[in-house]
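The structures considered in this document are given below.
Common to both upcoming complexes is chain A, partnered first by chain B, then by chain C.
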Partner chain A sequence: MKFAARIRDFWNEFKHRKIGILGLGILVVIVSISVLAPVIAPMDPTRWSDVNYWTNNPKGVPPTWAYYLQGKVPIPQLYLENYKTKLTKISGYPMIQVFLPINYSYTEFPTMVKWKINLTFVGAGAFYEIYIMRPDRKKITLYTGTATTSNASQGWTVIEIDATRHPDVERRIGEWLSSVGLDINKIQVAAPIQIAFADLKLLKKNKVVPLKGKYVFTVRAIAQGKNINVTQFRVILGATAYGLLGTDKSGRDLFKGLVWGTPIALLIGVLTSVLGVAIGLLYGVTSGYIGGWSDEAMMRVVDILMSLPKLPILIVLAIAYRPTIWLIILFLTIFGWMGIARVSRSIALQLKESAFVEAARAIGASRKRIILVHIIPNIVPYTVAALALGIPDAILTEAALSFLGLGDPSLPTWGAILNQAQTGGALGSGMWWWFIPPGLAIAVVSMAFVFIGYAVDEIVNPRLRRR
Partner chain B sequence: MASGLGRYLALRAVNSVIVIIAVVLLTLIMFGPLVDQQLKAQIEMEVRQQILKGGAFGKYKTPEEAKRAMQKAIEERIKALGLDKPWYIRIWGDLWRTLTFDLGTSWVIKSDSGSSKVVNILLERIPRTVLLFGTSTIILLVLQLLLGAKAAATPGSLFDRVVVLSGLLGYAFATWWVGMVLLYLFAYLIPIFPAGGMVSVPPPQEPLRYALDLAWHMFLPVLTILIVALGGWAYVTRNLMIGILTEDYITTSRAKGVPERKVIYYHALKMAAPPILTQVTLAIASIFTGGLLTEIVFSWPGMGLLYWDAILSLDIPVIMGDVYFTTILIVLANLTADLLYGIVDPRIRLGAGGATL
Partner chain C sequence: MPQSDEVIIKVENLKKWFPLRRSLSDITFRRPRRYVKAVDGVNFEIKRGEIFALAGESGCGKTTTGRAILRLIEPTEGRVEFLGRDVTRLDKKEMKEFLRRKAQIIFQDPYESLNPRKTVEDIVGEPLEVHGLVETKAEKREIVSKYLEEVGLTPPEDFIFRFPHELSGGQRQRVAIARALVLEPEFIVADEPVSMLDMSIRASILNLMLDLRDKRGLSYLFITHDLATAKYVADRLAIMYLGKIVEMGPATEIIDNPLHPYTQALISAVPVPDPRHKIGDIPIKGEVPSPINIPPGCRFHPRCVKAFELCDKKVPELMEIEPHHFVACHLY
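What follows is the complex of A and B.
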């Protein structure tokens, strides 16, 4: 009952502190985001670094709202799957033509062109060609290839190619351009495939603008045998904007990364800080209560640990162990308890001489009992602020480690996203949506705890109270 | 009194030596197996090349014979280098070599002058980091004293609130991320500052132009460190000053008619100096590590960028050397602060000296 009353008193003080309430408000929001992450951003977080998981997303495109802010309408992601088939014969061999039309009426180029073709045949082998028929009746061969079979009777092949920056496709487009008297090296485009959609007349005037009209992606395949068939033909045209926070260069949905980074950051911060406070409290109180020579020795250890360079040692540990998130929390804890130990010790030194501890000792309470029942509960209020302030410290340190590429590689931590932004040249290519949100998220979560810690500190340490 | 300072400094120095030895031992234990592995692989490759020189089995008749000779040569080399002894025996030799700056050769990274000696690589990097970090620290110290004192003079004012808030915000932002944002804004979006590096390529020949070019490249990284750290430092000074401004002798000075400016910036600041220095000691390591990561963002070719390069290429000897020198620099910075502390506060005694939290 006494404890509940203390809590109530504390809350009555706390609720008058605007900054504390602000921190608490932010905390409620980030805890909600953490809990609702599977609903807001459905994803298996352990597949974050699995590039195949994101392969069909447009790569490195801005958020949709940013597009609308500029007064432009983004091209949506286009999945073309309804193909038409035409079977003929050419000099006795079976030939198949598969058509995938698209009415392209956008003012911008697709950011990605990917196709997947499932080709089956009966015979020794097959030859295939992928080309595009343009609205101006020009034909551009994009890709050719052959499929063979070992048993000379039945064969199949899956042609799945990201043509956006594919060297073969680039060479083919270059050949087509030189056939119309242009040089691919003199044309400025984000990706070579976009030239296939460019208006030729304007291209000759050095303007790269899409040609509107009907394009037909076509596969033509001839079997050296009896039979040929295409069981799947799909073309994906990449959107120019994606979701709430765009994508990174591997097509990862950055909104999902940001959302899933929240519970991870909270876990790291809270667990590290709680463990650190618990260890520091026990250590400091023991040291202070025992006193004398062992107190001196224990405090020297704290001094030395406090002077250790945190980040370099964490770098060494992380390289040697390639840690999981749990090991990182353990490493961070090693550096996170000394401050509390010092404070706890100095309070324990005062409490040791106080009347109620003297009384407890007089009636024969054991040392362990005095520490656990009489001293620690009286120090706990002082550690609440340190607990709150330890959380941003842990979050920032983990982010630094992940930024160096030494975090848990399987998880979408904010630091890891910033590491990928740094190595992926996000700044140089102006992809602000890649590096601004994760850093802001780190700051906002840290802020919540800093504000709460500040407010709590003012309440429990009245001598520190400032106007 | 002099003996008190001497004892205090001696204890701090012992502490520093223990810290350095502990860090080196830790890196040696952690990286020992990796280094051994690499060393053995290198020996094997060299021996193989030597034995198989000329002909399929070299001068040996059968492959078995060549193999046996190779095995023997490898074992001899390993023995000569002492690699056959257990790590807990070898580590003391390694410790001594590291402490005496014999840091071996790098695996991948070379110094600008083309040397593979880890010491040479670091000797190139250290002045650059010291330049960036030293400049930031000096500006930081001066500005925080002025801002902190001014805030303390008018507690509760708008200025004071801004100082408190920016102090709190400083704890929440990652320095290197603020660097990324500034770099994006002022080197890419509005290109008025360089996108990275320490000097232009090629660097200007004339000394004055060189200095200006250097300052131009340093502006954003220093600004980054200031933005994040200044609030926190000023906040600490402000709190200490507010405590001191309520003391009786300050009231006395004011009553005597000492001008308010002099009361705050001379009498009170002088009293606040020792605890401020304590806080500085605690903060130096944190802004140093923040600075190392900021170097990466701004491609400032110092010790921080060296960590990045060495981690990317997994150049263990370079990482070990970098950790060693980072530790030395942090320890030296702390010792300097301790020395200053001892000078400004002659009452110093260990234990009673440090402010807690």
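What follows is the complex of A and C.
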């Protein structure tokens, strides 16, 4: 009833403060993103560090819109799966050929060429060859191998080759290049496999341009037995741009990381700040109200904790305990309540002498009741601003820890993304989409709370002083 | 007046000395601890249904006396006998069950004495909750309403949901009085209850207090610096100076016939609505000395116009000079 009226009064004052409204606006966006994260960016956030989860994504590519901004059209991610099969016999052994044709008309190379073949056979083993037939009728063998089995009645193997980074592939492309009179070491490409798509005539003039036309990705396999079959054949050609914020070098969708970083940052910030304020409030008020030697002792504890260098100790703790997010929140809370404790104590010292507290003593109210019913509710308004300002503090400290690689390794926190960008050499290779968005996100979220905190501070403090 | 001869409270040699913080050199040179002697041996008694006023300049120790009696601050020395029990020896449980229920206090500033975040109902009902006298909210509301009505806040429904800042000063003081009354105390310390209020509402608050005394047989320790107010409400009056009572007796007798030079000076300073009347006919010298360095002998002697050689040597005792009229002065 009356509480609602006070909230309304507060809002009437708050809405005249542009900076506060700006902060609140950002906060609304942040909270919406956090709530809608499963809808906007569906993923299991705990699998962020699971490399297999991202394995099929293009690696380290910029956002799609950045491509369009440059007036270029990116190659989409291509999943080639509708293969054709041809079964023959060679020297009495069964041979299978599977083909995935594609009409390649793009002006850029695929960023990734990834093969997956599921081969079954009956017999002692199987020999297979992976190659590309180019539009100029040249054949490039990328890989050969044998599959063996101990179970002669049913052999089975899954061949997965990421031609983008396989050393055998690189060697064979080098061999193929020298057979046409070129040296792989003199050609500048992101991955050797891209040469398999290059126009040879232009390559001889030192121009690396894709050859347009029909490519056929082929696997040929011969079983040393009676039977052979391919149950799955897929080639993925990596896109040159991906999604809203591109990918990192492991192929992680950075947009998903950014979105899921939001609720985590809020959780860390809000929980740490609320816990810190609650502990500080209780501690400070108790210390101030009891007074005397216990006050002296309790405040010295605060002084000691305050004078400890926070970040180095957090680093040591983080190294010692391989922290989860909850442990980090606990550590941050341990170092985050002293300021409030001091402020609360000094206000409690004033309130303790006030007539209404003396009146409460005169009616026989216990010390606990006076602290909880009479003192704390009168300090809470002062702590609202500190609460808001404590949130960015926690977020920034967590980001710093994560940036040093000491955060919760399983979750996509913004600091962790920055850390991976740093170790992945994002700055050197110009992968701005890797480090700018998380950096901005940290700044914007912190700013929102700082703005709100300032606006609240302006309202709460002078008003109470006026009274 | 329902005044009886039953002594309800008896204060004997009450002292409250506040120790001064000692500096490092004080400790190393082992200088004795120094004290602010706010109350330095006060004796009086209050009868059932009596209004006993304690008057004096600010800093004379009258407020400290009131608080020490209720043990809102711990007395340094002395006895306070309340309803036959020594208040200074009560343990925690007895304090709550006896003193905190039977004796209450009303403060000077009604803007300060009410928690700004509580409604009137919560403020007046809190003593009932603390002492576990009500079980349901309805019960609490009923009792609170009854007392609001008794202090003239009618109809109570208009007040129970209000916050202190929504009330006038007079209304707030009525709330404070209602809070003091809900436990049905027998003794109330009223610490300058009207000095912060407008002249126009002072009389109504004082009359309310007088009514309550008549109806309930309450006794008051009425602390004031205003002799006119003291004369209006008090049955007996004591004048304090630097922690000691210098004159005590029936209120009208003291004001009409002051014997102590200090009392005479105080009374001559009371404004009289007569343009020919000169203020301060009886002069008083200088300022009140610090209660840390109390003058030897009669503590008023440095400022007294009638002081003679005995005054700075011997402490005058409080003696009954006329029937029921006590004075501590070497002149008598």
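Keep this in mind: the second predicted complex is superposed on the first by the 457 of 467 C-alpha atoms of A that agree within 3 Å, B and C clash if a C-alpha of one lies under 4 Å from a C-alpha of the other, contacts with A are read in each partner's own complex, and residues count from 1 in each chain.
Simple rule for what comes next: a residue touches a chain if its C-beta (ideal position, glycine included) is under 8 Å from a C-beta of that chain, and two chains touch if they have at least 3 such contacts.
Predicted model only: the values in this text are computed from it and were never measured.
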Given the superposition on chain A, are chain B and chain C in a clash or a fit? fit
Anyone got the angle at chain A's C-alpha centre between chain B and chain C, nearest 10 degrees? 60
Name the contact category of A:168: first (chain B only), second (chain C only), both, or neither. neither
In the overlay, answer first, second, both or neither for which of chain B and chain C A:160 touches. neither
Is A:378 contacted by the first partner chain B, the second partner chain C, both or neither? second
A:399 contacts which: chain B (first), chain C (second), both, neither? first
Between chain B (first) and chain C (second), which, if any, makes contact with A:358: first, second, both or neither? second
Does the superposition put A:9 against chain B (first), chain C (second), both, or neither? neither
Quick check for you: in the superposed arrangement, does A:81 touch first (chain B), second (chain C), both or neither? neither
Quick one: is A:50 in contact with chain B, with chain C, with both, or with neither? Answer first, second, both or neither. neither
Figure out whether A:136 sits in contact with chain B (first) or chain C (second), or with both, or with neither. neither
After superposing the two complexes on chain A, what is the shortest C-alpha distance between chain B and chain C, in Å? 10
The shared contact residues of chain A with chain B and chain C are 467
Please name which positions on chain C make contact with chain A in the complex. 67, 70, 72, 95-96, 100-101, 104-105, 107-109, 112-117, 119, 126-127, 130-131, 161, 163, 165, 176, 179, 183
Within the complex, chain C is touched by chain A residues 1-2, 354-356, 358-366, 369, 373-374, 377-378, 467
Given the complex, residues on chain A that touch chain B span 19, 300, 303-304, 307-313, 315-317, 319-320, 339, 342-343, 346, 386, 389, 392-393, 396, 399-400, 403-406, 418, 421-422, 427-428, 430, 432, 435-436, 438-439, 442-444, 446-447, 450-451, 454, 464, 466-467
Quick one: which bits of chain B touch chain A in the complex? Just the residue numbers, please. 15-16, 18-19, 22-23, 26-27, 30-31, 34, 155-156, 164, 168-169, 171-174, 176-178, 180-181, 183-184, 187-189, 195, 239, 242, 285, 289, 292-293, 296-297, 307-308, 311-312, 314, 316, 319, 322-323, 326-327, 330-331, 334, 356-357
